[in-house]
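Below are two complexes that have chain A in common, paired first with chain B and then with chain C.
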Partner chain A sequence: MAKKLKQIAIYGKGGIGKSTTTSNISAALAEAGYKVMQFGADPKADSTNTLRGGEYIPSVLDLLAERRRVDAYEAIFEGFGGIYCVEAGGPQPGVGCAGRGIITAVELLKQQRVFEELDLDIVIYDVLGDVVCGGFAVPVREGIAEHVFTVSSSDFMAIYAANNLFRGIERFSNSGGALLGGIIANSINTDFQREIIDDFAARTDTPIVQYVPRSLTVTQAELSGRTTIEAAPQSAQADVYRQLARRIAEHTDSKVPTPLNPTQLREWSARWADHLVAAEQAEAERSRQVA
Partner chain B sequence: MTLNLKTSSVETREQRLGTIIGWDGTATQLADESAFSRGDCGGCGGKARRICELEGPFTQGSVCSEQMVECQAGNIRDAVLIQHSPIGCGAGQVIYNSIYRNGLAMRGLPVQNIRFISTNLRERDMVYGGADKLAFAIKAAVERHAPKAVFIATSCASGIIGDDVESVARAAEAEFGIPIIPLHCEGFKSKHWSTGFDATQHGILRQIVRKNPEKRQDDLINVINLWGTDVFTPMLGELGLRVNYVVDMATVEQLAQMSEARATVSFCYTLGTYLATALEQEFGVQQIKAPQPYAFAGTDAWLRELARVTGREQQAEDYIAREHARVKPLIAELRPKLKGLKGYVATGSAYSHGLIGVLREIGVEVDGSLVFHHDPVYDSEDPRQDSLGHLVETYGDVKHFTVGNRQQYQFYNLLQRVKPDFIIIRHNGLAPLAARLGIPAIPLGDEHHALGYQGMVNLGESILAALQHRKFHQDIAKRVSLPYKQSWLAEPDPFALSRGATA
Partner chain C sequence: MAILALKSRPTEISPDADKSGPIELVRYVCAIGAMQSAAAIPRVVPITHCGPGCADKQYMNLAFYNGFQGSGYGGGPVVPSTNASQREVIFGGADRLRELIESTQLVLDADLFVVLTGCIPDLVGDDVGSVVRDFQKKGVPIVYAETGGFRGNNFTGHEAVTRAIIEQYVGPWDGVREQGLVNVWSLLPYQNTFWRGDLEEIKRLLEGIGLKVNVLFGPDSAGLSEWRDIPHAQFNLVLSPWLGLSTATLLEERVHQPFLHIPVVPIGARQSSEFLRQVAEFAGLPSERVEAFIKSEETRYYNYIDGFTDFYSEYWWGLPAKFAVVGDSAYNLALTKFLVTQLGLIPAKQIVTEDPPVEHRDAIRAEFRNIDHDVSVEIDFIEDSYQIHQSIRNADFGHKPPIIFGTTWERDLVKEMKGSLVEVGFPASYEVVLSRSYVGYRGALSLLERIYSTVVSHSA
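What follows is the complex of A and B.
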């Protein structure tokens, strides 16, 4: 096999739009002719829904729970544009160990040489929220994914999660782990939001790969069980995702991140909070004067 | 299907071979259901090795894959084994130390203690991760023992928290300049402990065996075994071949040179299947594909195949003829003394196939056997290695052939069904129950005892010796009772509970 498989992991705080972003990247890459696999590493097993018309697929761990021997191919389903959709799956909330689930699922696919045999160009791992335990670090460890991108809005909680991820990557970086590709800045509609995320990026010396505005087109597409690329291919938002996908496909050099330590992060967010409060007060003052 | 040595952890037996741990029927039926190994799987494909399995509602006791790592990787003379686990996983160190020391003594090697270090994972480590402790343990191992390699046995605990054992090992390898080998043997991963053998061998293949051997040692044969006495050196010496015993009690260098050898053999395909197949796949070291070397038929065929592969046919034929002439009168003497006796074999899977052949050859009746698991096929997928098929084709059927992972409550019914005069075992926990039923046990701690031509004589003599104390066992039986309810003691079907649970 001559071509080199590119493996990418996308992390970010829960609810920040990771699966939406990931699925649109996958769809845009498939549209551009790449052979793509999207691997959902979240016990909710809903990463690939919008690639399959809103439908859930049986997960690797569902299969493992049912049978004695598992053929990994039984957990691979075709989605929009021929994308190979896989969900690691995992336990119900509050029971078992979701992190172990990811270890088990990734190991099974590796052992059965699925990535090689499908002759893929790109595998994208869509990984749940925070790197809370060893299991969630598996996609960035042991040379599985080479590049990590984080989806973050300008909310402090999302930025904290991104910073935590940077710490995880920094930790594994000297032992063959993945490196940081950059930030996908999501739901960025105002200059102010952009300033915050830009400032965090500058402080951590991290490139912003793409600004993705919040858009109703995305919501509409999601509600119809599709990606924006599929549901509104002519929209401006679809072009944003296409540009993002192109940048990711062309991306070659990732680096060791320089996260903020807890004190720095606290001071940084406190300063922005003061700034926000001052701005809000000025706004309120202006409204009163107008009245 | 090729073995995948690229991933750090080995594929389990059930994934690779369709291994089962619960089954009851005749040996012929089981051999037929394992049709894949007989080369006539038809269109069912590589992933379809399924035999209908009986599943019990509970397990009374079992063994862990990690223990198989302890008794293999832990017995390499110039290496250290780190158990990255809570201290309880180290409970077997005492018994494994005694086995190791006995083995060294039997083999005429300097007697020493096992060199194990436990990272003693505790509550705090489960929460914060045990990687630092592991790094510290590796450093301690290097400083204390100056080993040629360090093995790391993972545990359920380290596996659940996802400790990054690989990274720690890589960093230590760079620092100390010796192989540091993680062996992924979490007990929960596989339903049968023999996956632990494969985990050890996988690690050795990945990190110790010389990748690009500069020379070939054309008269060197890898012999995969445990602690047994050295019966292979004289036997292979007859063919002008040298023995490289692996894995137990080998040195790191002896493991490294496996890729230079001419061929690989083993006393038991359960133990040797992964290593032997991988050595052939990766380095072209031929695996001998023949019945195992037990009784006349098996030993003849095995020697002839080894001779064919190594180009020593004439020496082999001479040796075979000499041994037949030497051993046949001895067996003729034993046969009348053993006439009318019934034996029961309760051992590892492929090993039992060999032993039953030996018993039948010396005139002992066998209508029951318990094997602790069953591999429908070995990694080579070569029908010439179909050890169960060889047994039934050469020596006939075994009426009550049972696959079960050594459950005490079942062992009672199994023995009642057959009522043997003695049992042959290699594992603990079986002899006490048999003794309470008045049945003496022959423990083959030396796994080579019944191997080859002399093995038939050895086993015959051991049976006669064991029967000398039959009266002692009958006395025990008269005075003790079993802790089971009358309803279970009267139950004719050892799998009654499983059938209830399965239905």
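What follows is the complex of A and C.
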């Protein structure tokens, strides 16, 4: 009996740190001895760059554009710690259908039974943005990822995107699709940032898997084309990612998310906005009094 | 740092076999044309999830203007469709499909529904699987196949439908094997104008040597009970150059079933007897019964041929010597083999038109290079009729008018060349075909009648 392959998908608003977080999770998992594949589902095809010294690799769709038939192994590249890196790729900005590209790339690997042949423990899909169309929902359909994690900061736009993702997952959960594993709270450095994300998590009954602070170590590592795990293995930040990776590896029970409806979300954010404004005014008042 | 893929690409990438561009006078239909493959199974009804007009076009082309075969129990105009339009493109068509499946169950009586998708849902990424699985969980006999046009033609679609039924309906193997039971994977229903009669003859031959046959498609199939019985068969017989091989491989993986691949569909006594002996050996059948059957078939066959030889040897001034075949690899190979080895005709041009998958092309070429011990044929893979006709025009037919085995598309060409045309493939719009067959012992006799009736009536 083959071992059970664990497939997870990581979603979140663009620019929120999905690829950084995903690559560090992959790196930490590889370091812990797992056989990992990271599958970048983003037309920019840069999800796995920091696993390979910043180098770009040809994407599945680059190869398909050249030739109708592609051996999936031609699109798999080994990166840090033996991590198998694949980029789905996509059309140039403004043309074609990126969603169809994701479907095609995922199908190609499935059809050619790559996951079984490589004897993987974990596949992580790093998916662009939120579930904008059918194509970007493919990783959460039945038979692909079982667990979805969302990367979100305490910014309202990131939380909106997370809530949207919850709605997508809720929809697919009725038909055997992936379930929600939890929130990876990124760039959380202050108490009120933490309060906001905690409150959203509580309102949607979603666990926070890990708080990841914003750190210059990450930026330095990225600029050198590496993950924090590789560039600064002794750093505190690396340990945060290791802990996150361990939780994800041990994670077994995901659930149907309970997203806020649009009115609830609006009211929730308005309340927090009022709260923040009040806090800021109180702070300004205090500064004036001190002066 | 050099970044290397797990497998490197061949440095010399030969250009793709398909030169994209417009095709004049098509010789196959869209992948969703495989709705007629579903309809070819008794009491199976296809449901199409596609734009308006897609399903009708497949039906009219495949089943109407191609031998006027008719739609079958659940095919053609019976087929329910979502008629997806702008709304389904923007908002997704899953809900519309769900509604259609529910309504279909109320008005159509079928043993199995097969949902086939067209370009629209496959492009926008409708999760058709999840819709269909909901019905499967409720016990509705229904499967789905993704057959968007960009995935291939109706040959590809046929394989997708077959795979869907095996994976989603047939179920796992219970470990029981029935000796002497065979599943037959051969000609493409409806695309091949003569598939019904041909499958009947193939079944008759196999039963003649003592096998029990799951013929799976057509009026001679018992329908879904045969499909459910697939895993019990002793083996799969793939009787075609490539179509059906992926199905046999799937079954080999899934239920550990061996398969026998015979690329040449037999026409005439010589080929049919060789075919039966090959199958019998693979199946381990006792030779007495096999040889007795072959003997009785050959006796009958050669009795007719004996009569035919009077005509064939005396009418020498009017009969063509060189021939061309334009058609799918299965019939093209079968006809070429028969015409060369049993009638002594000379092949002038063989053009394979169904766009076979690249990985099978070398094997197809090899079969044609081995037509007889002293006859080797170089074939062309062409889909565009303008190029096909140019190629036929430029072929050397000697000083006699040629005989072309082709389709209705060759009508004008053959007039121009003052030759004869036997319509043997899609589209055959000047043939009405019911149970006529051109394969096996009996089909070969019908074929001879058709060929030489065409030739002798040429000057009438």
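Simple rule for what comes next: the second predicted complex is superposed on the first by the 290 of 291 C-alpha atoms of A that agree within 3 Å, B and C clash if a C-alpha of one lies under 4 Å from a C-alpha of the other, contacts with A are read in each partner's own complex, and residues count from 1 in each chain.
By definition in this document, a residue touches a chain if its C-beta (ideal position, glycine included) is under 8 Å from a C-beta of that chain, and two chains touch if they have at least 3 such contacts.
Everything numeric in this text was worked out from a predicted model, so none of it was measured.
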| item | value |
| --- | --- |
| Chain C versus chain B on the shared chain A, clash or fit after superposition | clash |
| Chain A: partner with more touched residues, chain B or chain C | C |
| First, second, both or neither for A:Gln111, with chain B first and chain C second | first |
| Contacts of A:Ser175 with chain B and chain C, given as first, second, both or neither | both |
| Touched partner set for A:Glu55, first chain B, second chain C, both or neither | second |
| Chain B versus chain C as contact partner of A:Phe77, first or second or both or neither | second |
| Touching partner for A:Ala284 - first (chain B), second (chain C), both, neither | neither |
| Which of chain B and chain C A:Arg68 touches, first, second, both or neither | both |
| Contacts of A:Cys97 with chain B and chain C, given as first, second, both or neither | both |
| Those residues of chain A which chain B touches in one complex and chain C touches in the other | 68-69, 71, 97, 99-100, 103, 133-135, 137-138, 141-142, 172, 174-177 |
| Of chain A, residues touching chain C in the complex | 52-53, 55, 57-58, 63, 66-69, 71, 73-78, 84, 97, 99-100, 103, 133-135, 137-138, 141-143, 172, 174-177 |
| Complex contacts: residues of chain B adjacent to chain A | 4, 6-9, 11, 14-15, 18, 47, 49-50, 53, 129, 159-164, 166-167, 170-171 |
| Chain B-facing residues of chain A, complex | 68-71, 97, 99-100, 103, 107, 110-113, 133-138, 141-142, 172, 174-177 |
| Residues of chain C touching chain A in the complex | 1, 3-9, 13, 16, 18, 92, 122-127, 129-131, 133-134, 358-359 |
